[in-house]
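Naming follows writing order (A, B, C and D), and every chain is counted from residue 1.
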């Protein structure tokens, strides 16, 4: 099946590669010409620009946009909207805010252009393991592109089947889900990332409690010498907390139990923030997801104004002197 | 290898069964005679009381106590201490507070009795999948009992190996770890459970945000109709949030997407609380683990006094009337 | 000085009363005719409708809109915008989202109409104690209305002066502050309310810990019989936690130490939510303000879907049965 | 009335001074001889050592121990216990854990020695404003020492009376409360400090949100130039968030709006930690008090191991490189 791909970064490039392996015919473009050449050299059809990409596809076309959310995606979709014909499909595979999907689908609908939003999880492992996809859009467009989604998805693999799914949508077991209308794919992906933050922070706190139990600051009879890598490894086997994130933690801790290469300043993306905002809109008490987000905020800051104010109050009422050493 | 087992509840009974399958020779006792008969009928040697159990084992003996933490475990170990000989081993496989382990080991040491604490994860799935074990105690005693631990553990299974473990303790990859001296096994298990609470709460909040997005209370154009069971299932395939807890969530949600059989009052055990207390002792900022614990507290309460006080303040300053309807 | 007042609810009515006492000339209107009559009977000039209200004021006019945020305020300001002349001032004294203020000020500016946003704290006590006001808008307009603000504000009172304020804007010490351009008044008020939630929740948690220490569920030798009203009262005298909210708590607890009239379902307004959203936009780790908001969410809900999912997972992995009693 | 005072630090010294002003007769001792000399020079009776202090008091004696909680207090009380006679009273005015009070009172009771625990709030302002006192102990001992408590307390002052207190214990309105048996005074004081942490953190977060709204990092049209000192000041006048802590914030912010002298590393004392532990023991969901405590933990740490683990996981699944710059 033909697919245009715009944006050949790590995600877009690997999507093309995985589709190529499955025998699909990808026309690829990126403003970075080297990336186009590289993917072209692997058997995909390179395009010279967006116009060329559109021209190289037979109608009804399908174009997968895999760009940073916000400006780049927005502008590319607007440009494509002017070039495409009724029946064509634009797929946004990036990390777009779901309300933007809803708006765009409504804007494209009068032109007869379908809009599909695909939340994609799998990171750098996706090329090998396949991508878990959460898809929003019209039934017609999602069904038409099924061969693409099927090729990108992980498939059944060796994961044990969940009992009772026999009568249910089998695509889901292959790792892709048509969640509902435009926006619903990115909504589910957004919450997915919110959960991801929470899971990561749960492990982070637990390992920190373990690590500090080894601290020289403790009296010798209260101290252990727990091996962080071994703990992560043993929990991978039959314990309640086993997970893919734990597998990855085990890999990292086995390389360096002290994680000394990592400074501990942790980025956050839109999705973690939007998840908390969605929780607030819905009046959901999202303590854990918020706390996980806030930890990342704090990790990137030197002492906050709030902390200084705490010291200032303490000085005022108690004469506690937490002054800067000069 | 011979092992005495005291306490034949779900955990103790299944431990005997798994050891029996591996060819070990278990002498079993429980104050519930029916349980003794049942296990006896499966080929284990039944004991009439603790004295009989001790008598039926050859020195140096090893006795696994699998009872509720606190009183029952404490008393049984005290009784056994009076019956055993130098070189014997008492194993506490329950959910004991790690500081109690340290105390007990110190009390037994002058008598030459070894004390081993085993944190055991795996729940009702352990019989089939094997138990993940975190073990504290002297090297001598832990090494001597290795055949027991090896039989209970899940083993390598089909789980991908973590790169770089070639030179490391291979027991860990089989699902059991000698964490350090007495207490360290239960300490690691305690933190394990703290993490478990955090992971569970992350999923709980995420699914609640998804579920509320289906709510009739939302305007139709802001509402989706997300299928909870499908979301859980699709995330099992190649996504960053895949885990065993997610597998279990998928099973539960596939049975009943609304989880109507569950009232939502969630118990908490000592380990969740002790983990937060350990964090406080170590000055670790354990936001997520605390929030997960507090959610459970709140889930079991009707409106709190604190909430009433909020209403009372609001009435005082703003005339907001959040009174009881009479 | 002349002032039009639209909206004669508790806040709007008391503002008119406080201005009347200070000798100002208020033209008042509300869609509830009885309210207009009542205020008219107290010496204010009643208007028959918005047109009449505008007609009864001399140019340059100033009209204070004191209506629920959102639709009612938005429509009233839009209507007034069509009736007013260059140099007139519209004041929004309600709880408007500050970004709406910025938008409105920009819309009115080409017409020469000034827009002032006033965040007003003081609740039902404002008539007697005066209102604390946080004001956004052009210097010209804010300065022109100074007699109005001065009359509404509490004034210096008997509150001890803060050392070092001699050279600073004296309006602030009288209880009103020109915070900056349009929107800044409501922004400061928004954060004020966010803090208010946090303060309230701190007291709520503390008193709940005290109250539960009296619980019959505790063993007798771990139990106290602390008097809630006395604790609140004693803290009003010289303690670090004394505050107006504590004064109000003392009043409420003295009336009924058990607060039995309050069901404990606590409303939240836009400002608490917006404060957390602003924190997220700014990457501020607002743990306490979020937690205070979430408590209110949870207080209004029966068992959440998230809590049911926790039970469902526990049943799956451990056979823990937290089922509904039938 | 006679009172022995052991410990002449900031608190102990000022207690002696305030009692002296009220005409009481204090015998004072501290291991720091200069402090004894200084207080002696102000008209108190200096003691050479504990034995001398006891000898200089008429039976039944009362001795106020005002030392750091833990070792120093514990040892002093043990020493005094050996020197005192039936009917004498030991008062612990420090920050003792309430369970230690309960233990000590039980130990002293067979000797006929009374034990009183006094939680004291007021900090460096207490000499001038008086101390708010929360008192635990037997009725007999607390009543006997009433003149001492009355002299130390702030008294009615000009604080508005709470309606409905006419029939209630009038000591409370004077700023001291007999909370119940030994331990109850420090329990109430412990919760007081927990609340204090929560209140402080609420202000800290709010002011941080305000401050960041001034940030150069924001686009000019989204930025304000809010004056931190003015905001604190205006809220002191008639707003819902007025409090003594806000008064102190206003003083600090007026001195230096940027609080540049404060590094932002904030100490925490036992009471904040114990409050959270008490909440956990009682199953109270103490989100705000915990979060306030955790902020202080985090403020004193460089990047945590948990944060590094987050980066490590992100690198593993997404190739996100949050490495140390070399």
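We take it that contacts are C-beta pairs under 8 Å (C-beta built on N, C-alpha and C of every residue); 3 or more make two chains touch, one makes a residue touch a chain.
Because the structure is a prediction, the values reported are computed rather than measured.
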Both-way neighbours, i.e. chains that touch chain C and touch chain B: A, D
Result of counting contacting C-beta pairs for A-D and A-C, higher pair: A-D
Rotation angle superposing chain C onto its copy chain D by C-alpha atoms, nearest 5 degrees: 180
Same or different contact residues where chain B meets its copy chain A, judged by the half mark: same
Chain separated most widely from chain A, comparing mean CA positions: D
Chain centre separation in whole Å, for chain B relative to chain A (CA means): 31
Approximate Å spacing (C-alpha centroids) for the pair chain A, chain C: 39
Distance between chain centroids, defined by C-alpha means - chain A, chain D (Å): 47
Multi-partner residues of chain B (each touching 2 or more other chains): 123, 125, 201, 203, 205, 208, 212, 240, 244-245, 251, 283-287, 291, 294-295, 298, 304, 306, 317
Interface residues, chain D side, partner chain A - complex: 10, 123-125, 200-201, 203-205, 207-208, 211-212, 244-245, 248-249, 251-253, 259-267, 287, 295-296, 298-299, 302-320, 322-325
Contacting residues of chain B [partner chain D, same complex]: 240, 268, 273, 276-277, 280-281, 283-287, 290-291, 293-295, 297-298, 300-301, 304, 306, 317
Chain A residues within the chain B interface of the complex: 102, 121-123, 125-126, 129-134, 153-155, 157-160, 162-165, 168-169, 172-177, 179-181, 183-184, 187-188, 191-199, 201-203, 205-206, 208-210, 212-213, 215, 221, 224-227, 229-231, 233-247, 250-251, 254-255, 275, 278-279, 282-289, 291-292, 294-295
